[in-house]
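Take a look at these structures.
What follows is a pair of complexes built around chain A, which joins chain B in one and chain C in the other.
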Partner chain A sequence: MIRDFNYLRASTVKEALDLLEQHKDDYKIICGGQSLLILMRQGLVAPEYLIDIKNIKGLNTINFDRKNGLRIGATTTHRAVEKSPLIKKHYSVLLDMEENLASIQTRNWGTVGGNLAHGDPAGDPGPVFIALNAAVKMANKERERTLPLEEFFIDYFETALEEGELLLEVQMPIPPPKTATVYEKFNIIKNELGIVSVAASITLDENGLSCKDARVVLGAAAPTPKRAKKAEQMLVGQTLDEKLLDKVSEKASQEADPIADIHATEAYRRSMVKALAGKMVKKAWEQAKTSA
Partner chain B sequence: MKKTLLNITVNDETFELYIKPKKLLVEVLRDELGLTGTKRGCNTGACGACTVLLNGVTVKSCSVLAVQAEGAEVTTVEHLADGAKLSALQLSFLDQGAYQCGFCTSGMLMSATALLNEEPKPTREDIKEGIHGNICRCTGYNSIIRAIEAVAEGKYREKR
Partner chain C sequence: MKKKYTVIDTPVHNIDGIAKVTGRAKYTFDVTLPNMLHGKILRSPHPHAKILNIDTSKAEALNGVKAVVTGKDTLGVKQGIWRRYKELCDEEILARSKVRYIGEPVAAVAAVDEDTAEEALDLIEVEYELLQGVFEPLEAIKEGAPQLHEHAERNINVTRHIEWGDVEKGFKKADYVREDWFRCSSQAHVCMETHGAVASFIPEGKLTVWTSTQSHYYIQVLLAGVLDLKENDIRVISRYTGGGFGSKFELDSAQFCSSLLSMKLCKPVKIILTREEEFMATKRRTPMFYYVRAGVKKDGTFLAKEARVFTEGGAYTAMGATALYLTGFFQTFPYVWPSYRYDGYRVYTNTAPTSAMRGFGAPQATFTAETQIDLIADELGIDPIEIRRKNGMYPGYEVPGQAYIQSCGLSQCLDKIEDWVKSRGKLPPNRGIGIAAYGFMSGGIFNWFDTPYAFSSALVQVNIDGKVDLYIGSQDMGQGSNTTMAMICAEELGVHVEDIRLHMGDTDKCPVDLGAWGSRETLMQGNAVKRAAAEAKRQIMEFAVAKMAPNIVYDLDIKDRWVHLIARPERGLSYYDVVKEAIRGKDGQPIIARGHYTPHRKGMISPAYSFGVQAVEAEVEPETGKITLKHCATAHDCGQVINPLGVKGQLEGAIAMAAGYGFTEDLPMDEGKILNPNLVDYKLLRATEMPETEVVEVETYEPEGPFGAKEAGEGLTNPTAGALSNAVYHATGVSIKDLPITPEKVLEALREKNEKKEK
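What follows is the complex of A and B.
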């Protein structure tokens, strides 16, 4: 049973920030409610005030330009990302990700901002956005701030968002030349949350031979989406062969910090991280060779 | 807790309701408006039995607060037939035996309606993807897919 609450609807960012300030400690923000309502139904969350930001003007936008890259407003639905021609053209990994995220119904109403703010380490956008070097913009009544997304996630279901703060947008720079980003999650039932997942982004030198930069980001394999930084470092400056790939994926699996639950044991998750990390690094590398 | 006013259009009819803000869309449809065609299955967003159209796109009505449908247009399974005249999809579901217990059928029909609105000539993969959020415990899905295919192929054109 959902407990009763007072319902407040914000139509502008300013209105929302005023309401958050006014009801500090007693509120919960709702956007699509696809994650929140589950918790409210279980009685795990029972706010006095529910502040609805779904209809705030100007927050559900997708913008792209050659200077600033991609900016996705917090209330943009998953479905809007999936259907965006801009994203298909410039960030196709996001399309792949969205097509495998939940059902159409959930994507039609659930939002990118809600997904990130929920802080589920098994969420798909977290690792992919981090691989794309994303930052998030947040605001409270006094100020705005921007944080690299990898610093936004703090623990299971815990983010850097403070009381009174609203997530406004996700920003992604233009990927450097000869870069490719790929993502895959492993699950038993298609479009469920991943048992583990790996996103990899590889940037090659201008000849397409050796690795200039790498990101390997693990999902559902630690309390937050996690970069396997030692594995990344092993790639930089190297050319790819099976031996290196094996060492890199072994390292990524050591860097994981997974739990055991009804879906998988800890050891199983580590093995799957290893398999996926190898597969993703190789795939990103191959794609980077032929990318502009 | 204060009740709130909800202005909502359901199947082309407008309603003004006073509801508790915690009411889910499925509760308002079934319990306040008596539109029991929309089913409540899992109540957690997993099964799709409660699927309705909200401003033309599918949502799971068990996972949307009714107050979020303020000013919106909702279409439920009751809107598909014109009196006793069934829609193309409904006829096709009948012909193909695309249900057994029927509990998933309203949701399936709404997902299929949205799919065909968006993509009148879907591939088999598109159809599978289109009903992916709807679980059927009885049919094994093949009859449902055939039913949607038959409509897409124009077999019920004159009846649409």
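What follows is the complex of A and C.
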């Protein structure tokens, strides 16, 4: 049973921030409700106030320009990301990600901001956005701030969002030349949450031979989406070969900090990180070679 | 070939289809009555505890609460569906003194709305004395284990023994003997419609219950038993049922608690279980620990088999006794084993009761037997199809002391599947095809329920305009039996499906049928319908003969609304005209006819058996152990097909369910608590996981079935887990004997295999 609550709707960011301030101790922000309503039905969350931000104008946006890169407003639905020609053209990894994210019904309602703010380490956008070097913009009544996304996730279902603070947008810079980002999740039933997932972003030098920069981000393999930084370092300055990939996979699986649950043991999750990490690095590398 | 039939063997869309897809079909969930209250059930959070006291005063004081009932408000009847055996009637539904599983009902509330009722649950104070629980059958059967029921020492609930031939001699003669242990997991039915009931008791002493069930007759009788009412003072209405799969023919907590509350208040009370309650406390597939030993000759001839099974019973008997027997019986299917010994033990545990689920013990038997047969064939270097062909059952075979097989299309099925396997050509790496052969019953002969009625009855009334009212007691729960019955009636009577108006799902209106379980409807209700229609036709033709006055040597028939001489079909009369005159001739009485069916002298199990062979092609990813289903071909001998669309629907549904059983679905527990009681964590297959499926046609005729038909329901669920396990074996060389076959188990087995190789 969902406990009774007061429903408040904001139509501007300012209105929303006022409401958050006013009901500081006992509110939940709702937009698509795809994560929150499940928790409320299970009685895990029972807020006094539900503050709906779905109608705020200006947060449901996808913008791209050559200078600032990509900006996705917090209330943008997954489906809008999936259907955006801009994203298809410049960030095709996000399209791949969205097509495998839950069901169409969920993507129609669920939002990018809601997904991040939920703080589920098995969420898909987290690892991919981090691989794309994303930052998040947040605001409270007093100020705005921007934080690299990898610092936004703190623990299981815990983020850097403070009381009274609203997530406004996700920002992704223009990727450097010769860069490609890929993502895959491992699951049994297509489109369900990943048992583990790996996003990899590879930037090659101008000749397309050696690795200039790398990001390997693990999903559902730690309390938060997690960069396998040692594995990343092993790649920098190297050229691609199978032995290197094996070592990187091994290192990434060591860096993982997974839990055991009914879907997989800890050891199996590590094995899956190992199976995916090298595969993703290789795939990104091959794509980076041919990218502009 | 000229078609023998005008209605059957033609694809007919479900006659309830339009009502369902347009939302017009009213399910129990949709029933709303004036002054209706809403009920909720308080369930035990403990797997094993004594109830010391229940204080309902605070709940009763809550604004909007109308009544609270506990075990004290019941007659304390220990009920069960095995009514012929008192010791197997062990479930009170509302526990009076002791709870034995997490989710067992201890109280129920009726209030003005659902939220108030749920709020009231929190205000009921139950004082428990916690007892030590026991959760695994192999633990529970040990001496000194906590005992659930006073009457059941070492928690042994039921034992079953089946034996024929000289097993010891058979093993002595064998060139090759192999033994294996298997673990068969549990599975939830996951009906789209959860259990629910609306009960309305009126002061005149009559109770009406709208409910989602597989057998309105059983619910009527079982309710009468626990409420001390006459059966026919209770009316059970189940017009539409949103899935059953074995979970809905026993009395459930929604039906019992809503009736109790309504009787207390003389107001309608509605209780619909939540999905979580559905997972926790509405029974489930029986987990089994299976030991199988088989002895064969070098050439693959089967000689002797021994099986021992320990099943996790959960807290109560439910339909578990049947599952225990059937798994032992179907362990030998569909083969000739000259000697066989089976010992089954159903053990009480402090877990949700296990009971009937599509296949009823046979999927477990088929998984274990078929997996082992492939291992034997491999060891002896014999082709999997060949070893099955060599030992297969055949028409006229008698399972010693158990069953007589009339029609049996197994060899045809094997031939066709062999062709299909060949047509797949050479497979890419990491792929394998596994086959499994199986059989199932077309309705059970056993009468543990102790009904004094015929197993199936039907009533046909032909009206002045030729339209036909067909009254049946069978229950359509999505499997399409309404359509099947309308087709059988239309074929026999010589009219069209549109001419049939069906009356079902109401004990006040319908003759008794035992309900939709054990794949019984096509054969049993089908026979009753066919007999009733034949009798109506006979009455119509009396008048036609008088009117047409043919030479006495001619026979008449009706087909396609045309009453005619069989030998000279052009000589005839319109069915409509004949009916009109016939009724006029009967002093204005419509034509009424009855038919019924009860199997007699057909062995102990079933009047007829389906047979089949299924091939599953699967791919296994060596890095992850992930299994992908690619193709699935099934040759199913269901005798004469009544509705090809119905068979296809049953097959596709069965594959989704049985493949889920094979590799994704499970109910993991911690100290009796189910850890995934929701549709996020319980892994059902979706359309994206379904392989391409194919029905391979076989032609047989079953003398006992209507028009030669047998079952095409549960049997189709039997082969898939075994075929899948064999596919994985042929793709990778590892055999997983522990369901479900998860990627993790496959990967671990592959790792062990590689380690062995390196040594």
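The criterion applied here is as follows: the second predicted complex is superposed on the first by the 292 of 292 C-alpha atoms of A that agree within 3 Å, B and C clash if a C-alpha of one lies under 4 Å from a C-alpha of the other, contacts with A are read in each partner's own complex, and residues count from 1 in each chain.
As a convention for this text, a contact is a pair of C-beta atoms (placed from the backbone, for glycine too) under 8 Å apart; a residue touches a chain by one contact, two chains touch by 3 or more.
Keep in mind that what you see is a predicted model, and the values were worked out from it rather than measured.
A.B. asks: Examine A:271 and indicate which partner it touches, taking first as chain B and second as chain C; both and neither are also allowed.
C.D. replies: So A:271 only meets chain C here.
A.B. asks: Among the partners chain B and chain C, which is in contact with a greater number of residues of chain A?
C.D. replies: Touching more of chain A: B.
A.B. asks: Counting only touches as set out at the top, which of chain B and chain C does A:263 meet: first, second, both, neither?
C.D. replies: So A:263 only meets chain C here.
A.B. asks: Kindly classify A:57 by the partners it touches after superposition: chain B alone (first), chain C alone (second), both, or neither?
C.D. replies: neither
A.B. asks: Touching A:105, do we find chain B (first), chain C (second), both, or neither?
C.D. replies: first
A.B. asks: Regarding the shared-chain residue A:188, is it in contact with chain B (first), chain C (second), both, or neither?
C.D. replies: So A:188 only meets chain C here.
A.B. asks: State whether A:6 touches chain B only (first), chain C only (second), both chains, or neither.
C.D. replies: After superposing on A, A:6 lies in contact with chain B but is clear of chain C.
A.B. asks: With both complexes overlaid on chain A, does A:38 touch chain B (first), chain C (second), both or neither?
C.D. replies: Both partners.
A.B. asks: After superposition on the shared chain, which partner residues are touched by A:30: those of chain B (first), chain C (second), both, or neither?
C.D. replies: In the superposition, A:30 touches chain B alone.
A.B. asks: Just which bits of chain A does chain B share with chain C as contact spots?
C.D. replies: 4, 38, 190-191
A.B. asks: Within their complex, state which residues of chain A touch chain B.
C.D. replies: My answer: residues 2-7, 9, 30, 33-34, 37-38, 40-41, 50, 52, 54, 79, 99, 102-106, 108-109, 190-191.
A.B. asks: Quick one: in the complex, what on chain B touches chain A?
C.D. replies: Its residues touching chain A are 1-2, 4, 20-22, 24, 43-45, 48, 51, 54, 57-60, 63-65, 67-68, 70, 111, 114, 129-130, 132-134.
A.B. asks: In the complex, go through chain A and note every residue touching chain C.
C.D. replies: 1, 4, 38, 42, 186, 188-193, 262-265, 268, 271-272, 275
A.B. asks: Within their complex, state which residues of chain C touch chain A.
C.D. replies: Within the complex, chain C touches chain A at residues 114-115, 118-119, 623-624, 626, 663-664, 668, 675-676, 678, 680-681, 683-686, 688-689, 742-744, 747.
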